[in-house]
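Note sheet for the following structure.
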Amino acid sequence: DTPFTLIAGPCQIQSLDHALETAERISGICEGLGLELIYKSSFDKANRSSIDTPRGVGMDEGLAILDEVRKRYNTPVLTDVHEAGQCAHVAEVCEVLQIPAFLSRQTDLLLAAAETGAAINVKKGQFMAPWDMKNVADKIASTGNERIMLCDRGTSFGYNTLVTDFRGLPIMGETGYPVIFDATHSVQQPGGNGTTSGGQRQFVKTLASAATAIGVAGLFIETHEDPDTAPSDGPNMIPLDQLEALLEGLVAFDGLAKI
Amino acid sequence: DTPFTLIAGPCQIQSLDHALETAERISGICEGLGLELIYKSSFDKANRSSIDTPRGVGMDEGLAILDEVRKRYNTPVLTDVHEAGQCAHVAEVCEVLQIPAFLSRQTDLLLAAAETGAAINVKKGQFMAPWDMKNVADKIASTGNERIMLCDRGTSFGYNTLVTDFRGLPIMGETGYPVIFDATHSVQQPGGNGTTSGGQRQFVKTLASAATAIGVAGLFIETHEDPDTAPSDGPNMIPLDQLEALLEGLVAFDGLAKI
Amino acid sequence: DTPFTLIAGPCQIQSLDHALETAERISGICEGLGLELIYKSSFDKANRSSIDTPRGVGMDEGLAILDEVRKRYNTPVLTDVHEAGQCAHVAEVCEVLQIPAFLSRQTDLLLAAAETGAAINVKKGQFMAPWDMKNVADKIASTGNERIMLCDRGTSFGYNTLVTDFRGLPIMGETGYPVIFDATHSVQQPGGNGTTSGGQRQFVKTLASAATAIGVAGLFIETHEDPDTAPSDGPNMIPLDQLEALLEGLVAFDGLAKI
Amino acid sequence: DTPFTLIAGPCQIQSLDHALETAERISGICEGLGLELIYKSSFDKANRSSIDTPRGVGMDEGLAILDEVRKRYNTPVLTDVHEAGQCAHVAEVCEVLQIPAFLSRQTDLLLAAAETGAAINVKKGQFMAPWDMKNVADKIASTGNERIMLCDRGTSFGYNTLVTDFRGLPIMGETGYPVIFDATHSVQQPGGNGTTSGGQRQFVKTLASAATAIGVAGLFIETHEDPDTAPSDGPNMIPLDQLEALLEGLVAFDGLAKI
């Protein structure tokens, strides 16, 4: 068995320079640890808590930047899509299209993404049971595209709070598709700061360790050189200079989990 | 104070004849009880649990049918939109555009709907706290359109289950916008039947009575002459021949609630 | 049908004078409205959040005070028991023994209370489904005592929060036993203030109206002349001078619910 | 750092022979793996779902059996207490008194257990947040007894379901007291089988691996040579012949977690 795949990058695409710098550092770390990297960053935050928070650089500029990242660092790139009409264009650049959790039951979006032939990473809706993801995977597979990853990013638990039910990882695994654990959004506190979401960065290691010991196919971890100034998901991203130490620990657990 | 507004109709548009028949019966009942009716029906079920369940007649045929309903029965009509690009076209026919719960944080859809100038009925996401709906209303109002209704259809509670927190009605009411209670989807059991959602029709009256006693501006109740054969939401729709008796009881509560 | 029974009083027994004054006022209000009163007050808060908060006057003094209340105002009295050994003694004074929610599955306590022959008001554990209360009632009824009331005081919903699922009232009603809605503890925020529980007094009317419209057999409402200085449950008790107006509205709903 | 402590045994004390046989096998496994064992078994199941299910051998016979186990296998023993009056007697035999989750806020029970001077293992109530356990520990510590273990056995999540929030382990650890993860009751489905609780034995390894990777002080695992015939908690106990392999894997994770 190979080590877990790492899906990582800053939550938002901020600029070409910023993307290249983070890609260089993350790909260097992954190379050192023998991890396969998929670089992740978003061109549009389409469901911000409030109308007053920044949404991103937009699709055209975003894809141009991701294209540069993939060429320079020879790494597959992933970004999220929000409407069916975006999928074909995004798939020209991105090896992986990501379906956001809130949109995980939107049939047209799932089908349009699937029909590009790209790999699809679907986040489990916070309102869904892990066994309900089989129906989601079946929608994608109905197009003939079986390059599917199922990703857990937490489940609604009271108000403004998510909980990770780790039984969900093996349950989603029963579909036969690889299971990814999103350690960044699982510690999000949706709407928890009034007009933005809060987060609990201090539990990323806790939950990522748990997921790795259970034996996931991949981890999703957003990171930023200075999360507290990041335009989104700052409270739950980990500082880039802590990524290597975190991953070293996780690789060790992964080795044991996959014996 | 006036009695509550009733948003009602069969979950899906099935045919012109079916729409006209249900509209005739429901508008007759509302006239008798002094209730203002908004006729509701969907042209597309865009987020079915499974790829194998029917989605509807489509937008063009659906809007033509709704247009006929509004002309014949002189009633405003409401339908739900799923992508920003649909809004302008739908608003040519419908007085009210509805934002589905899963999509209640999709900024582009909210803005496109708002910019038509139509009234907007937004369902609270099952993953949202009632106080988070202020941000949603603010997105709509940022366009200058303040014709907003906030609608509760239940909150995630464990797996495959919703619960209605009735504290949410006055909390959403603090925005100043009218609050609607959706008695049909609040008794849905999402994903509860494997590849379709289940429902608990037997609790529609229970929850609608509670909401009316608290004093809502409107009720949302789907109904069908034979729910068990309906193409969607059958388990939670009430039979059309029980609608009048249900509403009579609710009107009485409403009268007391608004003294 | 008769109007709902009211179980009311201050959370804790504070002194003989305090008990008599509150009993006088509450029994006067109930007489005026045609409601049957059961006077409630606790001699011991046996599960306070913190070791540093006051527990009460104790069993002997508490029972003496309750005995005086029942004689002077000719009203049945209710108090809660915490260990099996207390039941026989408490039943010498109290017409109703109450089983606290946390203890609702303690078999010995249920049996000891039941064997006194007193009526038993069992709170549904916050960790229990409404249908699980049938097993609790069966434990009591196994002694031959069927004078059972089942009382809803909210269900765990995330952390430090309760939600009332109003479907639970008719579900518990299927046992055939009368169902009581506790409007005071349903708006409690357990542990929500650090070393004490918080509460949302502003929602007592909301939830009590909902319950009454659904048609409960009784309401449980704690009240105090100055809740903010009360030794426990202050944040969720309503001021005594608001009780009459609240009950007037509820009696009207009750009349409609039981037509 | 030393490996985790193991609290293990069959849920109920069935007979002296049965206790000795299981103790022999479990203590042999622990010796081989370098784990410190605390033998656990209950003399009374005081909160069974239904009145019709067996409760156990009783306190006197149970303590005699546990005493024999501790002498023959030179292992500390743990059992659970349900009323304050039991504590002193139980502490004559048991090195550890356990407070059941439902009773975790009963002040008298906590104090009586603490005053024996025995070590106390308190289960977190399913209705409590992890940070609320500080108040529970403070009650115990108020007696001067600081031999406290805080144990997570799951949190209410909808009806008849528990979820483990693994953030709770480090949160409870901030008290400074050792944290135990109960892998058996965390996979219980309370009331899930009608008149008994269900369970998901298949997830014991999943959750125990997660907890060990996070770095707990101890694990609580009930086991039985034939769980499907056990008088209680059968669906969530693991077969005794699978215990050694399970523990070997966990010891490896523990070694990494405590580097």
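Going by the order they are written in, the chains are A, B, C and D; count residues from 1 in each one.
Note that a residue touches a chain if its C-beta (ideal position, glycine included) is under 8 Å from a C-beta of that chain, and two chains touch if they have at least 3 such contacts.
Source: prediction; values computed, not measured.
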item	value
For subunit A and subunit B, chains touching each	C, D
Rotational angle, Cα trace of subunit C fitted to subunit D, multiple of 5°	180
Same or different residue numbers at the subunit B/subunit C copy interface, by half rule	same
Interface with more contacting C-beta pairs, comparing A-D to B-D	A-D
Distance from the mean Cα position of subunit D to that of subunit C, given in whole angstrom	33
Approximate Å spacing (C-alpha centroids) for the pair subunit A, subunit D	37
Distance between chain centroids, defined by C-alpha means - subunit B, subunit D (Å)	48
Overlap residues in subunit A, where contacts from two or more other chains coincide	155, 157, 159
Pairwise touch network: line, ring, star, complete, or other	complete
Touch list for subunit B against partner subunit C, complex	155, 157, 163-167, 169-170, 187, 200, 203, 206-207, 209-214, 249, 252-253, 256-257
Subunit B-facing residues of subunit D, complex	157-159, 161
For the subunit D and subunit C complex, residues of the former touching the latter	46-51, 55, 82-85, 102-103, 105-108, 125-129, 131-132, 135, 138-139, 142, 155-156, 159-160, 190-191, 195
